[in-house]
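Which chain is which? They are A, B, C, D and E, in the order written, and residues in each are numbered from 1.
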Amino acid sequence: MWKWLHPYANPETTYHLSDRVIPWFGWLSGSLLTIGLVWALLFAPADYQQGDSFRIFYLHVPAASLSMGIYLGMAIAALCGMVWQLKLSDAAVAALAPVGAVFTAIALFTGAAWGKPMWGTWWVWDARLTSELVLLFLYLGVIAINNAFEDKQMAGKAASIIALVGVINLPIIKYSVEWWNTLHQGATVSKLGKPAMSLEMFWPFVVCFLGFAFFVATVTCIRFKTEILLRNSSRPWVKNLMLEQAK
Amino acid sequence: MEQGNVLSYFNLFKLVLSRDLKIALRHRDDVLNPLLFFIIIITLFPLGIGPEPQTLAKIAPGIIWVSALLATLLSLDRMFKSDYQDGALEQLLLSPYPSFIWVLAKVIAHWILTGIPLIITAPVLAGMLNLPTESFLATFWTLLLGTPVLSFIGAIGAALTVGLKKGGVLLSLIILPLYIPVLIFATSAIDAASYGLPYGGQLAIIGALLVGALTLTPFAITSALKVSTN
Amino acid sequence: MEQGNVLSYFNLFKLVLSRDLKIALRHRDDVLNPLLFFIIIITLFPLGIGPEPQTLAKIAPGIIWVSALLATLLSLDRMFKSDYQDGALEQLLLSPYPSFIWVLAKVIAHWILTGIPLIITAPVLAGMLNLPTESFLATFWTLLLGTPVLSFIGAIGAALTVGLKKGGVLLSLIILPLYIPVLIFATSAIDAASYGLPYGGQLAIIGALLVGALTLTPFAITSALKVSTN
Amino acid sequence: MPWENNNTIEFISLFIALQSLSAQIYLETKQLTCIKQDRILFEDLNVQFRRGDIIQVAGPNGAGKTSLLRILAGLAQPYEGTIEFDQNNINEQLELYRQNLLYLGHLPGVKSELTAQENLEFQLSLHGYGNSDAEALLADVGLLAFEQSLAGQLSAGQNRRIALAQLWQSNAKVWILDEPFTAIDAKGVEAIEQKILEHANNGGCVILTTHQELNLPSNRVSRLELDYRF
Amino acid sequence: MPWENNNTIEFISLFIALQSLSAQIYLETKQLTCIKQDRILFEDLNVQFRRGDIIQVAGPNGAGKTSLLRILAGLAQPYEGTIEFDQNNINEQLELYRQNLLYLGHLPGVKSELTAQENLEFQLSLHGYGNSDAEALLADVGLLAFEQSLAGQLSAGQNRRIALAQLWQSNAKVWILDEPFTAIDAKGVEAIEQKILEHANNGGCVILTTHQELNLPSNRVSRLELDYRF
């Protein structure tokens, strides 16, 4: 594991690696999102109960899943940072937190917009909704603590600790629909075995989901690059890079 | 020239615990203030909401626990801050013993000074909020198991923000989301008790949180302290 | 060798106000955190009390105002403390201008940083707590007139406790009782509005409190500062 | 004992008076007594501080030097006695006195959130000076490349230098400096000593404490010895 | 530049080695680099601190003296490089290293709520010494009548003396003292200098910073010059 990771512990290598993958991720996400959203919003069948308001689904579920996925990624990066003293993981945590916060906000917003036609109110204090809101607070906490320290290294370590401690919220969000009796939908998509939704609805969802996932990857890599530069600004390679770009 | 560890771990624990308690008792207000704060917040609600007994009884568990949470939160700041500001924290970090021992002592001192007074007064306040007597016992148990969890989790935030000028609000922001599970299970236990239902399940979960906090947080706290004094 | 007052009083006011705002904005979090704290406390209540819309609507004014009170309270500490700790307060006290001018500037900076964000977000939170839309306007007005009163009264407590190591809880203890009138009139105004009743009377009283606070407290604050730095 | 000091000072002042022919009395203490914790720090102290004087308040740790300087600056009230500036009690003409006073205490009063230049500009404006040449002043105290650095990111000595830069601007009659050389390196100490001498030569009066030897012409410095009294 | 220092030290150490015939290396830095705010404070610093050495880390304000001392004490992590105690990385034997270390920083770590004696006893116990002779130690540092005074009511210098009393007890191999003479009067400075010399003569190693001239035999003190680098 360590041997494999080692070259990427070098900021310069990682910087150039992420530089190289960004266009790929960007194109993938652009095309997948275009295809997926057009398919989902214009061509996929409307739900027999919910009508067209169902289409929020294609935004809501990817955003909600990714908000959790990003947190998990951030926590894993934090753990690596704590265990192996990787300076890069701090950059990863700092890069991921705002992206995750935005996706959490989107999940909340789309959920609220969907709730108005479905449940007659745009907010209930239900276990899933509340724990998703807590997720937003956790992201904001990580961001706030990252900003609170002048020293980037200290900020990174402090943020990692909070990111790790907050992981307990993830299972709560995930299983809230099973543990508590809630208004919110139970698992629909994930029950692939006995499809709870028709395949005509399912495939555009998959395309949208992947599109959003690559979008996250693109934005994260861009932010990751900046964070690496910020943390290594006194290094010769960064100075050279700056000189090159100035030309 | 070597000096050797003259203190056993247990003696170090006692030393730091008694020092922290002594400092707090010298200040005297330190012991009374979180308690008074707790009482004042609880009395604010009837003022803000109106005095109807049914409404009050219904929201009493929530109010008691939210107040306990806020009272703890406000007292967290002092756990490490004054030691940081006068350099005593550096000395503690440089003592030749594993840090988690004195960290544990400091957190437990905090709990003795804030948690225990809350536990003792809560039944009286519950009475003032018209909570049915059946749920007094549940209130007591949830506070007994829950307040140490608050101290332990809160210590992580206190440790992280110790070096910051204005850590107070940031601390709340980091810590309050983590307090939510305790809040939910505790109030649901009291609610259950007031309907005469069993509430052992909720207590068990809070107990589990306590065990988890006791074993895991001291290390998080120690590393947080090292980060923020770097 | 004399130097003469180069600054007009108004310029001094602007100077101190912009300095305090600048310091807070540099920290950035300082502006967001009291607000987030406000939001988090408000979300704690539905978690502790349960999600029934009717109950929530009934207690919403109380919750909003108690939370506003607590958010203000927690941010009071920073009004003079950091200036005291780094010696800047001594320099302010020694400046050759009447102290109430810069005191006024500091209190108003505090209100801009904590009061205004609360006023702006309160309607959203009122909505989440199922408060009927009729009372949104009342919520807005009570907060607009009430939060400056909180800042001014709070400043007295902040000034009195500035020299104490652990002023946080003592401060709450001194100040919360003084906040009660604002709390009572504000919540009763919102309540009245939700039943469609007029609430101008309550607003007028809060307005009167504001005028009183604006004229009287700066002198109390100044002498409190002098006492606690002696 | 104070009497003896007093005599010494009278004598030396006389000496200076002969030199400058118009040794105007700037500051005068009358029967000044200071008691802390039931211990008399000094009693019935009558001292005159004149135009051109450099007075080093000396004495062992805990003798009461800081206490005396804070009383002279009007920051603390004496147990008994009065202080006169230009023949009038300072409490009756506070603003005038402060226009003629520069006090730098143990703490530099520098805000860590502001840059070196912003800090200095604020302090200058606060004392009624124009702030146009802050940059030049910072260069004078060896902070040439640091105008835009946040003070929080400068070392202990650099922070003190920001505050000391005011010496290069101030033409206040009375300078009161409590351990101005703390954390300042040797070259810095020399520059400040020169500045002090220059100020005295230009008709100012400098009262300072320091545990280091002053490197100034010994006929220019009078010592006010505070003994440690039990 | 560090290389030059290094050479100087090597040279002087050699000299001492000839005297004591067994100049054992206690502490050694390997390629130590410290970066703050993108500015390199020192780079690739290789220094050896040996038995009997007194090393004065010198340099202008902001050169990085405090940063170096905190890294040597293991309180802060260097940007790069390692520190070895008795030939092993200190991070791998923290407890052993701390048993052999006495660090006194800018701040004395004295609690204002405890008496002088309680403070000293706690600090002694914390570092693994018996605390029976705290009273005698306090007398050694001139606090004879103050054992039972609360530290908060003592002056700046008296507070530092409480912490410095540890020097009279500690037989830790390595002493790291950051500006130990701050706020100490002339007689006190002399006593501490004698203590430092005595410790070095007994086979200890003392690393200190101070902006004052050291009054010790010049062949016993080596200087480690840290330049101010841009």
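Just so we're on the same page, a residue touches a chain if its C-beta (ideal position, glycine included) is under 8 Å from a C-beta of that chain, and two chains touch if they have at least 3 such contacts.
Only a predicted model underlies this, so the values are computations on that prediction, with no experimental measurement involved.
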Contacts common to chain C and chain E (chain labels): A, B, D
Chain located farthest away, centre of chain A as origin (C-alpha): D
More contacts between chains, A-B or C-D: C-D
CA centroid of chain B to CA centroid of chain C, Å: 26
Distance between chain centroids, defined by C-alpha means - chain A, chain C (Å): 36
Averaged-CA centre spacing for the pair chain E and chain A, given as whole angstrom: 48
Multi-chain contact residues (two or more partners), chain C: 27, 29, 33, 36, 40, 47, 50, 82, 165
Multi-chain contact sites of chain E, meaning residues that touch two or more partners: 36, 106, 112
Chain A, residues touching no fewer than two other chains: 130, 137, 140, 144, 148, 151
Residue ranges of chain C touching chain D (in the complex, touch as defined): 1-7, 12, 15, 19, 22-23, 26-27, 82-83, 85-98, 229-230
Partner chain A, residues of chain D touching it in the complex: 150, 152-153
In the complex, chain A residues that touch chain D: 150
Touch list for chain B against partner chain A, complex: 153, 156, 160-161, 163-164, 167, 170, 173-174, 176-178, 180-181, 220, 223-224, 227-228, 230
Residue ranges of chain C touching chain A (in the complex, touch as defined): 27-29, 32-33, 36, 40, 43, 46-47, 50-51, 53, 56, 127-128, 130
